[in-house]
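Structure provided below as structure tokens; questions to follow.
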Amino acid sequence: MSTQTKSSGIVLDYVKTIGIVNNGFSGRGFANPYDIAVGGDGRIFVLNRCDPLRAAAIRIGICNLDEDYLGEFGRGYGDGDGQFIWAVAMALDSQGRLHITDEHNHRVTTYDTSGSATGEYLSHWGKAGAGDGELNGPAGIAIDSSDNVFVVDQHNSRVQKFTSEGKFIANWGSFGSGEGQFNLPWGAAVDRNDNVYIADWRNDRIQKFTNDGEFLAAFGSSGEGEGQFQRPTSVAIDPEGFIYVADWGNERVQVLGPDGSFQLILRGEATDSKWAEDYFASNPEEKAERDVSNLLPELPAHLNTPYHVSSQTEPYFWGPVSVSLDGKGRLYVAETNRHRFQVYQKR
Amino acid sequence: MISNDTVLMAHLLRRAGFGASRDELEEYLAMGYEGAVETLLNPSDPDNMPDDLIRRYHVEQSELRDLPGSAAYWMYRMISTSCPMEEKIALFWHSLFATGYVKLNQARALLNQVDMFRRSGLGSFEELLVELSKDPAMIVWLDNNENHGSAINENFGRELLELFSMGIGNYTEDDVKECARAFTGWTLGNAEYMSIRAAKDSIWPYGRIAWHFDYRREDHDDGEKTFLGETGRFNGEEIIAIIVKQEATARFVATRLFQFFGADEVTEAGEAVIEEMMATYFSSGYQIRDMLRTLFHSGFFKSEDARFARVKGPVEMVVGAIRMAGNYQSPSLGIEKVSNTMFFMGQGLLRPPTVDGWHEGAEWIDSGALVERVNFVAKELSDVRSPGVRSIIDRLEANSDQGVLKPSDLADGCLDLLGPIQVSDETRSVLVDYASRHGDLDLNGHQPGDQAEQQVGNMLRLVAATREYQLA
Amino acid sequence: MTTTKREKSLIVIQLTGGNDYLNTVVPYSEGRYYDNRSTVSIPQEQVIAIDDRYGFNPSMGPIKALWDEGKVAVINGVGYENPNRSHFRSMDIWHTAEPDTIGKEGWLGRAIRDLDPQGENVLTGINFGRGLPRALGCPGVSVASVGDLETYGLFPDVQDEELRTFTLEAFSRMYGGAAGRDPVMELLGQTGQDALQGADILRTAPAMYSSTVEYAPDALAQNVKSISQVFHAGLGARVLYTQHGPSFDTHAGQLPTHAMLWNEVAGAVGCLMDDMKEHGTQDDATILIFSEFGRRIKDNGSGSDHGSGGVAFLIGGAVNGGMYGEYPSLAEAEQIEGDLRSNNDFRSIYTGILEDWLGLDAAPIVNGQFEKFDIFQS
């Protein structure tokens, strides 16, 4: 059924697409989603990065897999308590606290989403700098089984480990392309053994470390081939150790085996969300033309790059910036440029 | 004394680029004038802010859906490029083949068009017109998607002749119709759906879908046509081949290039240069690059008459000041505000008001626009934290007599390093008086942002506010 | 305060983004309204009824108070043929009064030219907000665009007042002495002097104004306050313009957003009218409120999408309040592609304003003859 290519056992079935453009300041739909976190109760938190025209609308939206829009939270744009300027990534800890990085404010902001809480601001921590525990452009964030928080400190070319209250524990890394070095790293993930994976963005690879930062392995190289990456932004690890990578520059998602071997590629196969169907119900003349259009066109040579192809081919991923997993084998791929996410189910 | 070579090179770089910091100017001076002209006219592999970095921090410039972000994306390119002529020629064609967001609601398509201008803007005018006729943004802008074999819409056919090549008076109404017939079937993929979306600027459900050219053979009128005295079953390419052969086309292209790169007003001496450029047009096989080479090597261009003979357009004004100040060299919050500022000055990138483009030259100047122009450059160039301004301070110190500058040294030094700019005696005396307020300036041991540096910043603010700075 | 008989002024408040007509002047007695608006409707009991069929949005209280005083004209079903549902293009059409081709001149730019043909007063037309709307653009017509009245002018970022004054003096000298130069230098000199002069005059406005009316802190109210200051300073401003939005583009989460927006608009208009009453100027200015289009009849489950037929308001002491024109039918057969079919050309509103309020010849400004409503008291 799919645009995926397979070389071994893992199979991902497309489930559905959730989302619609929201160019306003509230209500259902998304504005340049940048990351997704899925709660144990099935609530899906979507970080809306928002563009400068709608900067004040920066917020976290909440929905579920049935496409009910449950609300949103955040305190708007700025550097005040609970506010964001350039929010990047989120992670939930075991207490239902959502930790959100902001690469412009150089800090991590925590909201409570436990129980019936729908996003009460708790605190923020971190300050700009290069010393231990100081941050310069915090990007990816991941939390291990003991609620230690790993923050990708992109401009300091390192990973820092904190307690969930933001107390500094350790850090590692320096600028470069050698083992354990980074070039503008972005996403982070932790596997069931609490090993740490980093999307080493400008080195086009994923690096794997022990929980204390000892280098274990690096996967991938620059390119468009299988197992190669163009600016990987995000990584996620399932219980069996499969590695999901948002291969952002190639506008695709790749899955690697636990040993880093290539498994499969997803190019995206979005369909109309419920919210999209509502839109077309009140805009039938637009729907009629859409139905007879070819949304998978062939393009002239000068537009034959992944970016241009995705800009012209609506079902494909465009700006697949994050990969997230829930506890039920589902993969969520957030697409910044299409204001939606696609859901896949591991067989 | 400022050398004549420096003055001439600065002049060339204002026209073939966006002006130059002293470091840049020295790099070009080392090539010699001829070498500099060739380097500028043959841009290859420009060094500029990479797309991956821009897209990582600016989601709006990854999606390129809205106007301000898309204009800012082009701004970054102009600000950071090592090949300024590539951007300048794109800006020239954008002004001439003026295609606007207002009707398209599709910024991505406009940026693809700008890319085409980069790719083909210095090459053959014939190829450029063919690419233009296949450009989806142009097709929607001038309704060629409504130009059918069964019923023509002559909008594109008319403007191709009137505004893009020969100019009015050089063809008949029948030629317009025949021209339009030849371009029937030249449309864009999913034309009907895309035009509904453009017409209601619908971005639902998932943002915009970019555009590509599509030729619908069944919608093309393949019959015989008579165009400018020639007869055949012409398709668009053959029509363009006839257009580019016309003397009127040569004159049109040469004149527009002259006015953008040479001088706002065409004087008698200018007219002679236009004639030379027309000769080059034919001898080179319609090559824009060769026409510009003729212009840049002409006696007129190198003479005093051509210097400061253009009113800077808002984009030149803004980009020039930012490059001089060395700001926005990495993705920065607030770049979209800069692109809005150009709009407030009367030139919104990607949104020319009509197919006529902007009214350039003296028409850039009205009191609202002047306030915006002066305020922007004055602020940009007076901020002593900016790297480019810091380098001006260092050079002033290095060029001075043991770090001490008399008021006239400060005024002259700033005029030199921001240009060199030639100003009237009256202007210079105001600048010197202004500098005299604090007596001699001692830059010895200056520290970032201290009083001595602020004095330089204040002087630069006033130089940027002169009438002369408004000119290129 | 000046006591000389003042000339009539027009104050324009543009609602950017496409204001939802159906939820502004609500046809609360129509079943079809509630059928089509299953999510995005105003419950009957919340509507502020103005008659037995229609009522205002609940957040329009201050406008209802003015309605009761007979100062509000509601102009129904405004638009133009072959409606365009693009924000940019439709706003452009409203600005240039030119629905068919891409127009070159703004209707108010032309009006300003006719009000002040010699360009004697650089403040005849003023926009409050940055960037000139095309409505005010016209070659050869100078219109000031005031982002912030307090700092308006040259070198606003220079904090040190003494330095700013010193710099402005130098600027004035550099842009003086234009004689004998080439035409471009002369133009620059003259324009620089005009800019200085306009800024000097405008900066006097706040000092010449006092009022007990307190405007809200939102951006629109503050711009309207600036309008009041300049209007009451007696500087000869005839066209004063500002815009609110683009948040009227309510595709999602419409109800709270739209309520907040109208709360701001109605609040600002109420304050301005109170202000004019306090100054005895309520017969000297008329407020026009318009938007580029209305929104789709059927909602989309969360908001409403771009439509056609909209509503405009004229408010002022000299206005004959009431409903003008037919409210378009919601019947399916009467719709145009799922939208309200406009039955009043927007240029007929312009024509009324230009002829009956500003005393100008409307046809050349709006590109044709349009029947007008008898809205202004004679």
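Think of it as A, B and C in the order they're written, each chain with its own count starting at 1.
In this section, a contact is a pair of C-beta atoms (placed from the backbone, for glycine too) under 8 Å apart; a residue touches a chain by one contact, two chains touch by 3 or more.
Fair warning: this is a prediction, and the values are worked out from it, not measured in the lab.
Participant: What chain is most central when centres are computed from CA atoms?
Facilitator: The most central chain here turns out to be B.
Participant: What chain lies farthest away from chain A once each centre is taken as the mean of the Cα atoms?
Facilitator: C
Participant: Any idea how many Å lie between the Cα centroids of chain A and chain C?
Facilitator: 43
Participant: How many angstrom between the C-alpha centroids of chain B and chain A?
Facilitator: 38
Participant: Based only on mean CA positions, could you tell me how far chain B sits from chain C in angstrom?
Facilitator: The separation of the two C-alpha centroids amounts to 34 Å.
Participant: Of all the residues in chain A, which ones touch at least 2 other chains?
Facilitator: 20-21, 23, 275, 279, 283, 285 - these are the residues of chain A that touch more than one other chain.
Participant: If you look at chain C, which of its residues touch at least two other chains?
Facilitator: 251, 305, in rising order.
Participant: Going through chain B residue by residue, note those that touch at least 2 other chains and give them in order.
Facilitator: 200, 202, 204
Participant: Flag every residue of chain B that touches chain C in the complex, lowest number first.
Facilitator: Listed in rising order, the residues of chain B that touch chain C are 101-103, 105, 198-202, 204, 264, 311, 340, 343-344, 353-356, 359, 362-363, 365-368, 370-371, 374-375, 378-379, 424, 426-427, 430-431, 433-434, 437, 458, 461-462, 465-467, 470-471.
Participant: Can you check the complex and tell me which residues of chain A touch chain B?
Facilitator: Contact set of chain A toward chain B: 19-21, 23, 32, 34, 49-53, 85-86, 103-104, 184, 186, 201-202, 231, 233, 249, 270, 272-273, 275-276, 279-280, 283, 285-286, 289-290, 292-295, 297, 299-300, 302-303, 307-308, 311-314, 318-319, 336-340.
Participant: Spell out the part of chain C that touches chain B in their complex, as residue ranges.
Facilitator: 84-89, 92, 102-104, 122, 130-132, 134, 137, 139, 142-145, 153-158, 163, 166-167, 170-171, 173-175, 177, 181, 183-185, 187-189, 191-192, 194-195, 198-199, 251, 305-306
Participant: Given the complex with chain A, which residues does chain B contribute to the contact?
Facilitator: 51-52, 55-60, 62-66, 68-69, 108, 112, 115, 119, 189-190, 192-193, 196-197, 200, 202-213, 333, 336-337
Participant: Going by the contact rule at the top, pick out the chain C residues touching chain A in the complex.
Facilitator: 247, 249-254, 256-257, 296, 298-305, 337-338
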